[in-house]
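Read from first to last, the chains carry the letters A, B, C and D; within each, the first residue is number 1.
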Amino acid sequence: MAHAFKVRIEEVRVPAPDHVELIVQSPELAEALPGQFCHVLTPGMLRRPISFSRLERSGGRAGLLVQVVGSGTRWMAERQAGECLDVLGPLGRGFEAPAADRPWLLVGGGVGIPPVFAAAETWGGAFAPSLHVVLGARFKDYLIMAEDFRTLGIEPVLATDDGSVGHRGTVIPAVEDWVAQHPDGQVMACGPTPMLAAVSRAAASLTGAVQLALEQRMGCGIGACLACVVPAEPIGAEGPRYRRVCTDGPVFRREELVF
Amino acid sequence: MDLTVRLPRGLVLKNPVMAASGTFGFGPEYAAYVDLNRLGGVSVKGISPEPWRGNPPPRVWETPAGLLNSIGLQNPGMDVFLQEDVPFLRTVDTAVIANIIGHTVEEYARVAARLSQEPRIDAFEVNISCPNIKEGGITFGHDPDQAFRVMQAVRAVTEKPVMVKISPNTAEPWVVAEAVVAAGADMISAINTLVGMAIDFKARRPALGGRTGGLSGPAVKPVAVRIVYEIASRVQVPVIGMGGIESAEDVLEFLMAGAQAVMVGTITFQHPERMLEIIDALPKVLQTYGFASLREAVGAALPSRKENGWT
Amino acid sequence: MDLTVRLPRGLVLKNPVMAASGTFGFGPEYAAYVDLNRLGGVSVKGISPEPWRGNPPPRVWETPAGLLNSIGLQNPGMDVFLQEDVPFLRTVDTAVIANIIGHTVEEYARVAARLSQEPRIDAFEVNISCPNIKEGGITFGHDPDQAFRVMQAVRAVTEKPVMVKISPNTAEPWVVAEAVVAAGADMISAINTLVGMAIDFKARRPALGGRTGGLSGPAVKPVAVRIVYEIASRVQVPVIGMGGIESAEDVLEFLMAGAQAVMVGTITFQHPERMLEIIDALPKVLQTYGFASLREAVGAALPSRKENGWT
Amino acid sequence: MAHAFKVRIEEVRVPAPDHVELIVQSPELAEALPGQFCHVLTPGMLRRPISFSRLERSGGRAGLLVQVVGSGTRWMAERQAGECLDVLGPLGRGFEAPAADRPWLLVGGGVGIPPVFAAAETWGGAFAPSLHVVLGARFKDYLIMAEDFRTLGIEPVLATDDGSVGHRGTVIPAVEDWVAQHPDGQVMACGPTPMLAAVSRAAASLTGAVQLALEQRMGCGIGACLACVVPAEPIGAEGPRYRRVCTDGPVFRREELVF
């Protein structure tokens, strides 16, 4: 069952310019699945959905890695250790655990990287040899958490729009390469919608599950208001049906979605 | 303090605080956060005879002290509602109000007739903010004649208490209220959202997928209080007030303007537990301003409260 | 960046930011805080042929992100304005817009005719939010026919540029805009205030002396943007947008929704210097969102900008 | 000329429960006349008008004594020394200096006491023998600044609604007594409007000036919006004319007003 409660900020990290990672003490949140999120109270009219960047079950801690893009995320970035956040969560459908017998690709773009890291941290151990990670961002500073992957023993493939680190361009060529070599592979991806659409296309031929974690503007965050919808299968006479990111997602199978 | 509210046709609320339609789903969604048994009532999301798809996303946008939404009345239709949500509603002890919508007078009548047979539905709230697709898309609630016809058709098919929800987007919302009372409405609820828009600078287009949206939240409270006051000054049936309520003081403001009960919407997204806090705080707030009972506060700011038969 | 705005009949603004009527007095009042020479223009307080007394106090009340006012258009009349304030206005170099009001069509014509002879008046803004005392008190601006007649009468007596200020309190404000354009209006300004009310708990009556009041400030911005967008989509004359502007981003929102210039009102009470800050910030904000000129931003969010002749 | 600027809070005093006196460093404000006010920026939509409780010309300091009645005054009461306030001021028409040759009565009610104290402090010295002060409030805690008057060597006559200090009832009996004994007297008063109306009536027969400082809800505070009006002479066909508290007042002569 979901909860609404105050969580204490234990530590504030600054992984990159315009980014902050709040480590909160909360056994409830630490039980979340990678890909789930919590809905954070900020001074505006609406809460802000933020995924988990790490889930330390044993320590009862979770991470919220936030990129400052507007008033709410700026407010979060100004928090200090010792203060509390008012959160609803954990919310939504997270990633399903990867199938043990398939090669596994993780793709993260921008602030889509944190949930992908949480997945690697939670399930990666068993997959060490067959886990491949591709990360993308607009430019170097925004390519966050690469170092965190390295501490898991994973060397991520990097891509930036301007080539300031890793390949110049998007993550897609690297995804396509991997797909070509791993027809029985499975994928988990999170990032901007155009990236997910491209991953979905690139991974269409895979026999394993392709799980995509989407973003959408939210009202309630708990399934009541139908604000957070995205176009989904089946496509009827009027077009695709609409499904909720907050409860039907954020993680969908690629077959469920219409881009 | 006794907070019970007695409304027409035997509709009784434990207290005057209900969840506003569209902000509380069909009931089960918020059950993990709010003990529904403590609420005065729940007005469920708008229900049409057939499923409605709703508007393209994005569907919400923040504005100063307000929220724009363009959900477009997405709902799975009355059959799915009866099958999937009414069983849950049977497990809770609060007034259940079915908010109903249609694109034609016949659709309103159809959904009212069908849901009228379901004992768990305690009352109807007729949302006349839908465009009449037969008559060129003009919103039912903007035309007293069309609003009259909708209410008349609903009245013909149900003995349950019926309130009609008034749009704030006309010059004289009370004219529509008077029309639906003439057609047999037992109560008025007011207000629905104001039409508004925001621009997405990057996309260079209106921010909401549906272009315009409905404005709700604290920003609209003064508009809502005024409309409740004007309607309560003119019609003899009870008024259910709403628009921007976020505290027990706000509830008192609507009561004094003539509302017998209220609904709480947008603030629930921020604070799911706020309705319960308001219910807890209400007796104290009433006392602070010298009201010995809920009843005393109702209409206390109206010009000729006594002539209106309130005391 | 060149911020000059060229409007009909030779009206030129240094920049698109003007002071909104009723929030900036007749000009001299804010001169100690704001260099008027830097403003795009000033719309003075509503002026009637004879003095108007205005409404009983209290006349203002705070609401969430908004302000209710019921000034009731108090003003000393056109003669006093010409004698006492125009001499000061002659000393400043900014567009002066005379906001005019009347209780009858004849009163509008009278004040327009008289002020038209004063060279310091660069343009008129016809405020049609007054009740027509001859025709049972219905507000001129709520009836396209009456609005047409007012504009026609004003047009007959002046060659100066004339804008008509649209009320947001009707279902279709653009119908009134179309009517006044048909009657010869050179521009539209929008929006005036929304009707609202607050309750004074202690006094047990509406908080404002005039009972209802006009709602302004950030709370109303989404309603204003939407009305500007709808009008700009429909009429071919320039639109001057206003309602809740408090930043250069807000100005951009109105520009993209189709306004050629804006007026800033309520926020001035809090921050007298804010208009100047906005003017300073505007070029940078335009650039941030990829606009190389002011002109480029105007109407950028409209559905068929090119068809409307904007580029 | 008036100004808009930031002033530094030097000291925060708590003269009584629900009251705070902010001592601000500001040569501009310190030049104000007693009865003038400044318009203080708070988080709400409107500034809050607050009179000066003391005007230390030499030290360049002014006092703002605030009773907490709502959101804006609560915010002011939470300020700390060292923080700044954003103010417009000094604003409005203050008290005219008292005529040197007339006995002088000061009447203050509730938060109307501070401007009356500022008048006593500014002009009181020369009047020591002929200056009489009457202060009223709802109850003991709200009868502020009595001690401040005593440091000026003035023993104020006190009245509270509940008799918890001084006379039980209003200030009016004391005013009437003084008026009866000083037909050539002059009066300055500040307090709730009903008190001022009663003072105006009680002092009608005096040959000296009766100056009353009014309150009204304000918009601009500088004369532009016509929000802050009170009924004033002359009374025309439609009733009294309306004059602005912010610029025509707050201080009016009793003959100018209509209660």
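Just so it is clear, a residue touches a chain if its C-beta (ideal position, glycine included) is under 8 Å from a C-beta of that chain, and two chains touch if they have at least 3 such contacts.
Just so we're clear, the structure is a prediction, and the values are computed from it rather than from any experiment.
Undergrad: Quick check on the contact network: minimum steps from chain A to chain C?
TA: Minimum step count, chain A to chain C: 2.
Undergrad: Please compute the C-alpha centroid of chain B, do the same for chain C, then give the distance between them in whole Å.
TA: 34
Undergrad: How many angstrom between the C-alpha centroids of chain D and chain A?
TA: 60
Undergrad: What's the distance between the Cα centroids of chain A and chain B, rounded to whole Å?
TA: 37
Undergrad: Chain A: which residues touch two or more other chains?
TA: none
Undergrad: Among the residues of chain C, which are close enough to touch at least two other chains?
TA: Answer for chain C, listing residues that touch two or more other chains: 63, 65-66, 217.
Undergrad: What graph shape do the protein chains here make by touch: line, ring, star, complete or other?
TA: line
Undergrad: According to the definition already given, which pairs of chains are in contact?
TA: A-B, B-C, C-D
Undergrad: Would you mind writing out the residues of chain A in touch with chain B in their complex?
TA: Interface residues on chain A, with respect to chain B: 1-4, 41, 44-47, 88, 216-231, 236, 238-239, 241-242.
Undergrad: In the complex of these two chains, what residues of chain C are touching chain D?
TA: Residue positions touching the partner: 22-25, 29-30, 32-33, 45, 53-54, 56-63, 65-67, 69, 71, 74, 217, 266, 268-273.
Undergrad: Flag every residue of chain C that touches chain B in the complex, lowest number first.
TA: Answer in residue numbers: 63-66, 68, 139, 142, 169-171, 194-202, 204-206, 212-213, 215, 217-223, 225-226, 229, 244, 249, 252-253, 256-257, 289, 300-301.
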